[in-house]
C-alpha cells in the first residue's frame, strides 16, 4: 500500500476512536454522525483507491492450488456462464483464471453455456489474453469454442463426445485441424473444468452433468447470491469455489502475490473490495462500540440504584 | 420564521447555481465537439446527480430538496408503471386475442391459432375490470367487491397447492438426511477424528444441527401448547436457531448493501465529477 | 346479496383453481387466472392514478401546506404518462422503453438514479442499526449478534488473519469456515422451519378464505 | 346460518372430490409404470454397404404420464450405431396416416428417447426412428399406431394430493370442533397483545397511525394477511377516535383496504367518521413508494407504525425512519431475509407463520381459532416425518439395517414431488 492509501484508514480510525470516547462517556452519538461516517468511509476509500491484501480462504485457495499444481500443458476448460448484470462480480474471476492458466502454460479451452457469455468472453480476449500473452498461439495454446444452445443438454453430449456438439471452433475451423484438440475426444480428457456463472446453467450443472459423470475435477466462480447453494458440493464434487466479489478479490491478490508479472494488472475485484472492507470494519466497530456503551450504561444505572 | 424562509431561498439559489455551473462544465467536457448532444448529456447527468444528492439530503432530515425529489419520483414512476402495464398487458396480452383490426392498429401480431373459447374468455377480466371502476359511482360501489372476490379466490386457490408442494412437502423431504454421513463405523470415526472444517466430525455436526434445528424451530411455532417443560426447552432452542438465522441473514446482506453505496458514489465521482 | 355473491365467487374460483392444479387438462387455468389478474390490475391502475391525481389536486386547490410539491407530482405524472401512452418519439411497433426515446431517457436519468439512491440509503441505515439496535440485551439478542458478527468478520480479511494460526486439524474454528458453517447449518435449519411454518400459515389462511370464515376484506352489507 | 351452510357444503365437496381423486389416481399411478402402449414388430432394416448391419432398431411408443394428452415418448434401443465413426444422429419421424408423408419431430444423439410434445389424443400416430449417417440412413419399421392419452388426475402429484387432504381435513376438523363450543388453548403472541396498547398510545398523543400492508399486490397471501389484521386495527382506531393513514403500492390493495376500514368503522358504530382519504395509492414503484412513505413519516410523525405483509429491501428503511420519529413499531412478514431487520429495529415482530395466525387470534372467533389448531396438526406431521425420517435414514445408511431402509424409501415416496420434465 502506498502512503496515500493510509490517509482514509487514519481518518476513519480517528473518527472511530472519537465515537468510541463519546459513547464511553455515555454521550449520545447522533444518527447523522453515523450516516456521514459511513458515507465518508466509502467515499475516501474510493478516492484514495484503498486496497487490502486479501488472503485466500481455503475454498478459494483450493481452486488456486489446483491450477498451480497441475503439470504444465494440462487441459483446462473455462466456461462463461453469465450475463452483463452479473459481470461486475464474476468477470474478474474469469480473467484471473485466464491469467493463471496462461502463466502456468496450460492449454485453455473457452466455452459458454449462456448466449450473453460470448460477448463477455470476447472482452476477456481483447483486454486480457491477447495483450498480456501475445506469445500464446490460437489453436495451440488456447481456443474459443463459443456458445451452443441447449443448456445442460450441451454438457450431456460433450461429456462423451465434444465433436458431436462442436464440430468446429467459433471461427468454423474443424477441431481436427487444431493442434490443441489432438487426443481430446470428450470432457474426460480434460484435467480441470471451470465454470464461472451465477444462474442456471452454471457451476451446479457443470458439477452434476459434467464433472461427476466424466470424473474430472470442477472448480467454479459464482455470484454472491448463489454461492451458499454451492457450498454443499465442496470439497468432494467441487474442488474450489470463488464466491462473489470477495472470492474474486482473494484470487486476484494470490495472483499478484505469487506472480511478479501480474504486479501491475488491473484488479477490479480488489478495488471494489477496498471500500466494502472498510465499511464492514466500520460496521463491526459500530456493533462493538454500541455494545460496550450499552453495558457501561447498564452498570452505571445499576450502581446509581 | 421569515428568516428561515430567506435562508432556504439563499440555499436553493446557491444549489441551483452550483448545478448550473456543473452543467456548463459537463457540456464543455471533450471540448472538440461541443455539440447539442454534449449539452443534453451534460444536462441529463447533472439532473441525475442533483436527484441523487437530493435523496441523500434526507439523511440529514426532511427538507425541500428531498420533498421535491420524492414528489417527482412518485409522479413519474406511477405513470411509468401505468404505461408499462398498458403496453405489455393490455396491448401485449389482450389485444392479440380481440380482433385483427385492433391488433393492426397497435401494429401487433394477431394470434390466429387461439381457439374461440379462449378469445371469449377474455371478456371476464374486462368485465371485472369495468366493475372495479364502478367504485367511482358511490351508489353501486359495492359491486367492486366482485372483482376483489375473484382475485382473492384466485390467490387462495393457487397458493394453497403451491405452498403445500414447494414449501411444506419439499422442505420436509429435504430434511430426510443422515446424521452420520460417510459413516464407516466407530473405529474409523475415532481414528480419523479431527476438528477440520472438511472432516467427518464437521459434517456430522452440520447434519445434526440441521435436524435438531428444524424440529425445534417448528416447536417454537406451535400455538396450541404452552411452552413449558421439555416443550419449553425445545422451543427455546428453536428461538435460538431462528436468531442465528436472522443474524446470518443480516451479516450476509450487509455486503450487498455497501456495494449499492459504492455504486452511487462511483456515479457521483466518476460520471458526474470526473475525478475518479 | 352484497356479501353472498362475493363469497360465492371466492369459493367457486378458489376451489376450481385449486383442483385444476391436479387435473392435467386444466393445468393451464392457473396461468389464465394470473393473466386475468394482470388485466384487472391494469384497470386498477386507472383507479390508482386517478386517486393520486385527486389527492394532489385537492392539495393544490386548497393551497394546503406544501402544495407546490403536489404540482411537481402532477406535472411529472402527466409528462411521463403522455410520453408513455403515446410512445412519443418512438414508433408504435417498438417497445415503449426503446433506448433513446424520451420515455426511456426519463427512466434512465430521472427514475433510475432515484431508485438506486433510495436503495443505497440502506447502507446508511444498516450502519445506524448496527450502532443502535444490535445490542446484547438478552440471550436471544446476543445469539443474533454473535452470528451476525461471525459472518461479517468472515467477509473481511481480518477474519482470516485473526484465526489463520489455527492448525488444519482445528480449522473448523477459523472464522471464514465458521461463517460458511453457520450459513449452511443453523441458518439452513432456521430458514426451513420458517418456510414450513409459513406454508402451513398460507394453507390455513387460504382455507379460511375459501370456507368463507375470513371475510373482513369484503366489507359489510 | 349461511356461513355454516357454506362450511358444510365446502367440507363435503372437498372430501368427496379428494376421495374421487384418490380412487382415480391409485390405479393410474400403478398402471403408469407398465403403460407401454405399443411395441414395434420386427424392423426391416435398410442397411447400406458401408455401415455394418448391427441389427434392427427396436422402438417403443409410450404415453407421457400425467398430462393433458399432448405428448408421447418415443424410445428405442441403440444396437450400437452411436459408436460408429460417421454416425450423426437418430431422427424420429411421425406419420399420421399410411402414406409416407412423415414429419421429423426430433433428433437425439445419445439419449435413446424423444418426446413428441405435439401428439394428438384423437388421431393415432406411428413413428419411425432412423440412424442417420452422412450418405444414408438405417430406418426402423413403423411402430403400431398410438394415441396420446388424457390423464384426468396428475398421478405424479399423489403426494401433494394425499398430504394436502390430510392437512386441510385437520384444519376443517378443528374448525368444526371449535364451532361446537369446545374451548381450545392457544399460547400468547406478544406482538398481538401490543396492538391495542399501541393504538391507544397514538390517541393519547393525538398523532395518527401508519399502516403498510406490504408492498405486494393482492395476489400475495401475505397482503391478505396484512389486510385481515388491518380490520382489527381499524376497529380499535374507530373506537378510540384516532386517525389512520394507509399508503398503498397497488391500487387493488387500496380498494380492498378501503372496504376493510369502512366495515371496521361500521362495526364500531361510527360509519360517519370514515373517509376514503384514509387509504391512498402512491405508486407501483417500490422505492418511489418508500420515498413517499418516508416523507409521510417525517411530516405527520405517526405515533404507531404497522408493517404487516410482504416486504423486501425497504424493511430497514421504513423501520429506521420510524425509529427516528420514535414511533412504536409492530411488524410482521413471511420474508425470511427481511425478518432480522424488523426484529432488530421494531418493538414487536410477527415471525413468518405468526403473521398468518394473527388475524385468527385477533378475531377471537372460535372457528378461526380452530384453524390454528389444524395448523398445529400439520406441524406435528412435519415433525414426526422429520424425526422418523432422520433416524431411519441415519440407521439405514450407516449400518444398512433393512427395516429402516424400507421406512426411508416409504417416506421418500410419500413426500416425493419429483415432477417429470417435458
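The first chain written gets the first letter, and so on, giving A, B, C and D; residue counts start at 1 in each chain.
Criterion: a contact is a pair of C-beta atoms (placed from the backbone, for glycine too) under 8 Å apart; a residue touches a chain by one contact, two chains touch by 3 or more.
Please read these numbers as outputs of a predicted model, since none were measured by experiment.
By number of C-beta pairs in contact, A-B leads when A-B and A-D are compared.
Each chain's centre was taken as the mean of its CA atoms, and the one lying most distant from chain C is A.
Taking each chain's centre as the mean of its C-alpha atoms, chain A lies 26 Å from chain B. For the pair chain A and chain D, the distance between C-alpha centroids works out to 35 Å. Here the CA centre of chain B is 20 Å from the CA centre of chain D. Distance from the chain C centre to the chain D centre is 18 Å, each centre being the mean of its Cα atoms.
Annotation for chain D: residues touching 2 or more other chains are 157, 160, 167, 218-219, 221, 224, 252, 255-256, 259, 281-285, 287-288, 291, 336, 339-341, 343-344, 351-354, 357, 372, 375, 378-379, 382.
Shared interface positions of chain B, i.e. residues touching 2 or more other chains, are given as 55-56, 58-59, 61, 67, 69-70, 73-78, 80-82, 85, 132, 135, 145, 148, 151-152, 154-156, 159-161, 163-164, 168, 172, 175, 197-198, 211, 214, 218, 221, 242, 245-247, 249-250, 252-255, 258, 261. Shared interface positions of chain C, defined as residues touching 2 or more other chains, are 7, 11, 15, 21-22, 34, 37, 40-41, 44-45, 47-49, 52, 111, 114, 118-119, 121-124, 126, 128, 132, 134, 144-145, 148-149, 152, 155, 171, 174, 177, 180, 183-184, 190-191, 194-198, 200, 202-203, 205-207, 209-210, 217-219.
Listing the residues of chain D that touch chain C in their complex gives 2-3, 6-7, 10-11, 13-14, 17, 21, 66-69, 150-154, 157, 160-161, 167-168, 171-172, 175, 217-219, 221, 224-225, 227-228, 231-232, 248, 250-252, 254-256, 259-260, 262-264, 266-267, 277, 280-288, 290-291, 313, 316-317, 320, 323, 334, 336, 339-341, 343-345, 351-357, 359-360, 365, 367-368, 371-372, 374-375, 378-379, 382. Residue ranges on chain D touching chain B, taken from their complex, read 157, 159-160, 163-164, 167, 184-187, 218-221, 224, 252, 255-256, 259, 281-285, 287-288, 291-292, 294-295, 298-299, 336-337, 339-341, 343-344, 351-354, 357, 372-373, 375-376, 378-379, 382-383, 385-387, 389-391, 393-394, 396-399, 408, 411-412, 415-417.
Residues 4, 7, 11, 15, 19, 21-27, 34, 37, 40-41, 44-45, 47-49, 51-52, 55, 111, 114-115, 118-119, 121-122, 125-126, 128-129, 132-134, 144, 148, 190-191, 194-198, 200-214, 216-220 of chain C are the ones touching chain D in the complex. Within the complex formed with chain D, the residues of chain A that make contact are 31, 156-157, 160-161, 164.
Interface residues of chain D, counted against chain A in their complex, comprise 109-111, 324.
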